[in-house]
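One structure is given here, and the rest of the page talks about it.
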Amino acid sequence: MASQFGTKVKVSIFGESHGAAIGVVIDGLPAGEAVDLDTLARFMARRAPGQGAHTTSRREADQVQVLAGLTGGMTNGAPFAAVIENINTRSGDYQGLMDTPRPGHADYTAYVKYGGHNDIRGGGHFSGRLTAPLCIAGGIALQILARRGVQIGAHIASIHGVCDAPLDFANPDLDALSRAAARPLATISEDAGVRMLAEIEKARESQDSVGGVIECVAAGLPAGLGAPMADGVENRIAAAVLGIPAVRGIEFGAGFAAAGMTGSEHNDPFIMENGRVRTATNRHGGVLGGITSGMPLVFRAAVKPTPSIAREQDTVSLVSGTPAKLAVHGRHDPCIVPRAVPCVEAATAITLLDLWEEGV
Amino acid sequence: MASQFGTKVKVSIFGESHGAAIGVVIDGLPAGEAVDLDTLARFMARRAPGQGAHTTSRREADQVQVLAGLTGGMTNGAPFAAVIENINTRSGDYQGLMDTPRPGHADYTAYVKYGGHNDIRGGGHFSGRLTAPLCIAGGIALQILARRGVQIGAHIASIHGVCDAPLDFANPDLDALSRAAARPLATISEDAGVRMLAEIEKARESQDSVGGVIECVAAGLPAGLGAPMADGVENRIAAAVLGIPAVRGIEFGAGFAAAGMTGSEHNDPFIMENGRVRTATNRHGGVLGGITSGMPLVFRAAVKPTPSIAREQDTVSLVSGTPAKLAVHGRHDPCIVPRAVPCVEAATAITLLDLWEEGV
Amino acid sequence: MASQFGTKVKVSIFGESHGAAIGVVIDGLPAGEAVDLDTLARFMARRAPGQGAHTTSRREADQVQVLAGLTGGMTNGAPFAAVIENINTRSGDYQGLMDTPRPGHADYTAYVKYGGHNDIRGGGHFSGRLTAPLCIAGGIALQILARRGVQIGAHIASIHGVCDAPLDFANPDLDALSRAAARPLATISEDAGVRMLAEIEKARESQDSVGGVIECVAAGLPAGLGAPMADGVENRIAAAVLGIPAVRGIEFGAGFAAAGMTGSEHNDPFIMENGRVRTATNRHGGVLGGITSGMPLVFRAAVKPTPSIAREQDTVSLVSGTPAKLAVHGRHDPCIVPRAVPCVEAATAITLLDLWEEGV
Amino acid sequence: MASQFGTKVKVSIFGESHGAAIGVVIDGLPAGEAVDLDTLARFMARRAPGQGAHTTSRREADQVQVLAGLTGGMTNGAPFAAVIENINTRSGDYQGLMDTPRPGHADYTAYVKYGGHNDIRGGGHFSGRLTAPLCIAGGIALQILARRGVQIGAHIASIHGVCDAPLDFANPDLDALSRAAARPLATISEDAGVRMLAEIEKARESQDSVGGVIECVAAGLPAGLGAPMADGVENRIAAAVLGIPAVRGIEFGAGFAAAGMTGSEHNDPFIMENGRVRTATNRHGGVLGGITSGMPLVFRAAVKPTPSIAREQDTVSLVSGTPAKLAVHGRHDPCIVPRAVPCVEAATAITLLDLWEEGV
C-alpha cells in the first residue's frame, strides 16, 4: 500500500477509519513558513463530518495535534507531523463486511490484495476519513502558496445534473469562490446550492446517493512550472486528485469538450496585456506542454455517488461463494461531493507546492 | 524536464523532433522475456507518420535499433536501450517560432521555462514524435503482458462528435478491438471509421483540425493490482496517459457520467461466475479503491484538436512585445487521434507492467 | 530535509529531540505479518538511554504507541504508524547554541540550511534520539526477516582501539552475536567489553568521549538480492547506515584492507557444499556486483566520538562574528557506539526488507 | 536491475561490455549550460582503456556521440543522451564463464538473479566498461559545477600499501590534484606514482592484481547542501561511489580513524576567517549532520584488486555441480585503481549537482 507521494514535499498519510488515530507526515516543507493553526482548523472544518443533513451523522472534532515540524509557529525544516485521534467510532456497524463485500467499495479488492488482513472497520485505510490528513497537508500548502500569490479555490460544478453558475476560465472570479466556500454547499450561485441540497435530500430519502463534479482553479501561478511527459502539471494533479476516494475522472481546461472542437475553436490566441504575455481565452486550462502558462489552472473532477446506500444490494459471500444481499447501515453521506471540495483544493495545493519547491 | 517515469520498470525517453535521434531506456524489465522485434515493428507502424491523407506528410521509417538489453532475443536483465534515427527533418519550417509562439503549443511555456535554450525545431522534445520511443517501451510491455494473459486494446470512441460503436465494459469484445487496430482508423464500426475520416478530411480542407476520444481496455488483469491513494491504478494510468501530448482528460469506467448517477445506478453488484467473484456490470471500470477487481480496466482519454493549423492565428512577438499573426506551415496531422491510439495502449501497458513487477 | 527513505518499504521518520513526540510511518510492509510488541520493546530497550554509566542520564521510557497499521497483532497492509512521546526534556540546557555552534554537531550547518528556523533544543531533528523511530521500523523488519530465515546481528568491533574477538565471515557465530546483544556492551568477548567500558569511563572522567567500530552480519539471505550500480546491496546499506548520526564510514567484507591485497589473496574461490554453491572464504562480504551471493553479508561502520564534550572548546558567535568558548553541558553519552549497535541492525533490516519486497 | 539514479538530475546508464553500444541519458540538467565536448573527451580519456602497461590491452576510442539534449553547444532543457559504440570486442574470450563463474566477479550472482539470461560476454552490464557512460555524465556535471565555483579532484592515496603524499583536508592543494590528473598515475607525489607503477607491474608479472585507495576532494561547495538522515551528502555520495565496480568501502573526513580518536581530538573548532565561518581543521570532511559546512568535502574509497587474474583459481561448474579450475584470460587491468580515479570524480560530481539542483 502506498500512501506516500510527492517528490520534494513528500506527504505520508496513515491511519484507519476506526483505528487509534489518523495523521500525516510532511517531509520537505520549506523552513521559515508560518503555519496558522486557526486558519488550518477553519479549512479542516469545511471537510469535517457531521455538518448538515447531507453528511454522515458521525461526529468528529478532528482536532489536529501537531507533533513535530513547527517551532514558534513556523516550519523548522524538519518533517511536519500531526495526528487526529479517532473518537466517535462504532465498529459494530461493519461486522460481516469481510464476508459480503459492499458494491462500489474496496472491500473485495482489499480482501484479495491483503489476504483478508486489512482492517475492514469503516473501510479502514480506504475510508474517506483519510482525506482529513490530506487536508492538513493541503491546508498548510495553501497558506504557503497564498504568500506566493497563488489562490486556489473550488466549487461544486454540478450534483446529479444540477449545475452551478459557470466560471470564466480566463478571468475566474476568485471572490465568488471564496464566498462559495462559506456556503452550506460550495456553489457560486446560492440558488444552485439550494437545488443541489434538494437533490441530495431526495437521494437520502430514497435510501440512495448522488454524485457530482468539482471544478478547481489555481490563479496566480507563474509561467514555467511543470515539465513535459511524466512531470506535467496535469499528470501530477491527476495523480493526486484521483487519490481522493470516489474521484472517477479529471479534465483540464476544455477537457472532454475539446474532443468535439476544431483547432481554430480550441486554440487560445496569445495576447499582450499590461506588458505581459497571456491568452485571450483559457481553453488550455493554464497548462501547455505540461508547463504552466501563467493563466489560471482550471480542472474538473468527477465524483461518483456514495457507494454506501441503505437500499438492499446484491453481493456475494466470499466464504460460501454464494449470492448474498446487503444493506449498508453505518453512517454515510448521501453525497460526498460537498466534503470533497476542500480535499480537491488540498490535493491541488500539495501538488503545486511540490512542483514549486522541486523547481520543476 | 522529467521524461523518466516508472517505479520498478523505469522508462527514460529522450530526443528532439529534429535532433540526431530519439530513443528510450527501460530499466527493470524482468529477465528472460522474449521480445519479438517484428511484432514490435508492426506495433510501431500503427503510430508511424505518413500513412494516409489524415496524417503529416513527414515520412520516417522509424527503424528501431536495439543497443542493449537483449541477448538471444530475450531480455537479459540489464537496461534495454533503443534508438530511432531522425532522417526526414525539414527544420526550415520552424524558423521564427521562438519569437511568435504557436497557440496551443508549448513554444511559449518552454521558452519561459528553459530561458529560450529549448530546441524549437519541430517542437523539440515536446513533439508528438517523442511518442515513438514511448511505443517502443509499450510494445515490449504488451508482449510481456500478453504472456501473462493480459490483452490491451483501444479504439477511437469519437472524433469531432462522430461516435464509434460502444463497448460492453463487463464483456468487451477483444476481437473487435483487434480488428479495429488493423483498420485505417481504429474503430469497431467500419462505417464509423469512414465517417470519421470524412470529418478529418473536412478539417484538413478548411485548414483546421479536429479532436476526439480514445477508449482503452485491459482485460485479463488479476484482482489485487494497485493500491489506495497515490499508487492507485487510476493515478498511475492517468499520470502516464496525460503525458501523451494533446491528452486533456481521462475518466475511468462510467467516469464523468457517474456524476449524474445515483449510487443504486452506479454500484456494480458482485456475482459468482464459474466459481469466481466478478461484477455483473462494470461501471467501476475494473478498479475499486485504486486496486484492480479482476474486471476489465476501462478508461477514456480526451484528445484535443491538433494545435498546428494552417489557418492564420493571433499570437505575439516575444521580442517586440507586439501582436503578431501566425500561420503554421510544417507538416501536421489534421487529427492526431488515430496515431494516438497505440500511444494510449503503450502508456497503459508500461504502467500495468510496472505495477505488476512492483508488486503493487 | 528528507527523512523518508525506501522504495517499496518506505520509512518516514519525524520528530525533534525536545518536541512533543517522535515517530515513524512505514508504508509498504507486507500484509499478514505478525508484529510482537514485546519483542519490539526488548529491541528498543537495547537503544534506550539511561542504561549505565556510559550513557546519557536522560531517562525515557520510550514507550511505543502504535497508531495504525496493525489489526489483531498483524500488519494489515495499511501504513504502520507509531509514536513515542518525549517526556524527560530539559531544554534549558541548550540555550545559546543557536549563537555558538557546537563543534562536531549540525548546529552550524542546520542554521545555514534552515535560516535559523531549525529547532536547536537537543539538536532537534538531528538528535541521536531520532534513531528510536528508526529502531521501531528496524525492529519490525527484523521480525519479518527472521521468519524468512534471515538473522541480523552486530557487535562492537572496537572502541578507541580496544578490539573485540574477530568474526569468521564465512561462518559467523550467530549465537555469539545473540549473547553479545544481552551484555552491557555488545561484544563477543566479555573481557573485551570490560576493557571497552574502562575506556569509556576514562573518557567520561576526562570530560571527553570516544568512538568505535560496529560490525554487522546478515546471515540466511538468498542469493540474488540487489542489483548492479545504483541498487547494489552495498549502496543501499551504506545510504541507510550513513544516515545514523555519527557514522563516518562503511566497508564491506575485507573493505579497506582489500586495497592492500592482491587478487589472488582477495578472491573467494567458489565451492560446492551440500549441493549448494558457496565460497570457501568470504572476503567479498556476501555481495558480488551489488547482488547477494548467499554468503553472509558482512560490513563495518565507523562511529565518531560523541561530539558533545564537557571540556571547553573553541567556536564562534554567529551573531557577533567573534571567537567564543563553549562547554557542552546537557546529558550525553561519552560513547554512543553501544547504543548505535541496534541502530545499525535496524538500518540493515529495513534496507534488506525493502530490497526483498521490491524484488531487487 | 536498476542503473538509474538521481532525484532531480537523473542518470540512466545502459549497455553491455560486448553489446552494440553503451550510453547514458541524463534527465533534469539545468538548461542553458555550455557543454564543451573537447573538455569532456579529455576527461573521458583519463578513464579510457589501453593507456599503458597497467591497463587492459583492449583499445576503444570511446568516441562520445551526442544524440539529444544540446542545442548550439548548450543544454536545452530536454534529456541529454549520448552513446559510445563498442568496437574492439573479442567475445570468444568469455566462453564457458556461464558455467564456471569467476571468483570475485558477478558471474554467479547475475546467473542466479537473471536465471542465466544475463549477457556474460565481458561481464555484460556488470563490466567496468559501464563506467564510461558514468564519466560522460560526470564530465558534464564537472563543467557545470566548475562554473559555480566547485572544483573536484581525486588522487590515488595508495596502491597495495604504497602511499601518495597526504592532502591537507582543511586547505587541499587543488593545483597538486590538477597536476596529478595529468600524470600516468594520478598521484600528488611523482615518486609515489613511480613506485605504485612498479607494484602494478610486479602484480602483472606474477599473473596477479592489486587494489588501492582513492581520495577525493570537492572544494568550493556552499554550506547548506544536503540534509539529515536519508539525504545526507555522505549517504548520497556513498550510494553513487559504491556503484562503481570494485569499490568496497568509503569513509568521510577522518573516517575509520575517527573510531580511534577522542572527541577533543576529532572535533573541528569553528573559527572566523575573512568574516566567514569555517573550521580550523577538517576531520569532519566538510559534512556535519549530512549537510555541507562550506569546508572541502573529503572522502576515500577502497578499491579491491582486479578479480580477473590469469593465475588458475578454484571455482565450480554450475552445470555439473563439481569443482573446476579457471584461469581468466581476456584483457584486464592488473590494477583498476588508476582508471577508477575519474570515475570517482564523476560519481561525486553527478551527486553534488543533483543535490544542488534539487535544492537539498
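Note that the chains take the letters A, B, C and D in the order they are written out, and that residue 1 is the start of every chain.
One rule holds in what follows: contacts are C-beta pairs under 8 Å (C-beta built on N, C-alpha and C of every residue); 3 or more make two chains touch, one makes a residue touch a chain.
Predicted model only: the values in this text are computed from it and were never measured.
Chemist: Using the stated contact rule, I'd like to know whether C-D or B-C comes out ahead in C-beta pair count.
Modeler: C-D
Chemist: Give the label of the chain whose average Cα location is farthest from that of chain A.
Modeler: Max centre-to-centre separation from chain A belongs to D.
Chemist: For chain B and chain D, what's the span in angstrom between their mean Cα positions?
Modeler: Going by mean C-alpha positions, chain B sits 39 Å from chain D.
Chemist: Measuring centre to centre with CA averages, how many angstrom lie between chain C and chain D?
Modeler: So the centre of chain C lies 26 Å away from the centre of chain D.
Chemist: Could you work out how far the Cα centre of chain B sits from that of chain C, in whole Å?
Modeler: Each chain's C-alpha centroid was found; their separation is 46 Å.
Chemist: Touching two or more other chains, which residues of chain B qualify?
Modeler: Answer for chain B, listing residues that touch two or more other chains: 1-4, 13, 110, 113, 125.
Chemist: Inside the complex, what are the residues of chain C that reach chain B?
Modeler: Checking each residue of chain C against chain B gives 7-8, 357-359.
Chemist: Per the contact definition, I'd like the list of chain B residues that touch chain D in the complex.
Modeler: Per the touch definition, chain B meets chain D at residues 1-4, 10, 12-16, 19-23, 25, 27-28, 31-32, 65-69, 71, 74-81, 83, 110, 113-115, 117-119, 124-125.
Chemist: What does chain D use to touch chain C in their complex?
Modeler: Per the touch definition, chain D meets chain C at residues 1-5, 13, 101, 103-106, 108-110, 112-113, 125-126, 130, 158-161, 203, 208-213, 223-224, 226-232, 234-236, 238-240, 242-243, 245, 247-256, 258-272, 275, 277, 279-280, 284-285, 287-294, 302-309, 311, 313-316, 318, 321-323, 360.
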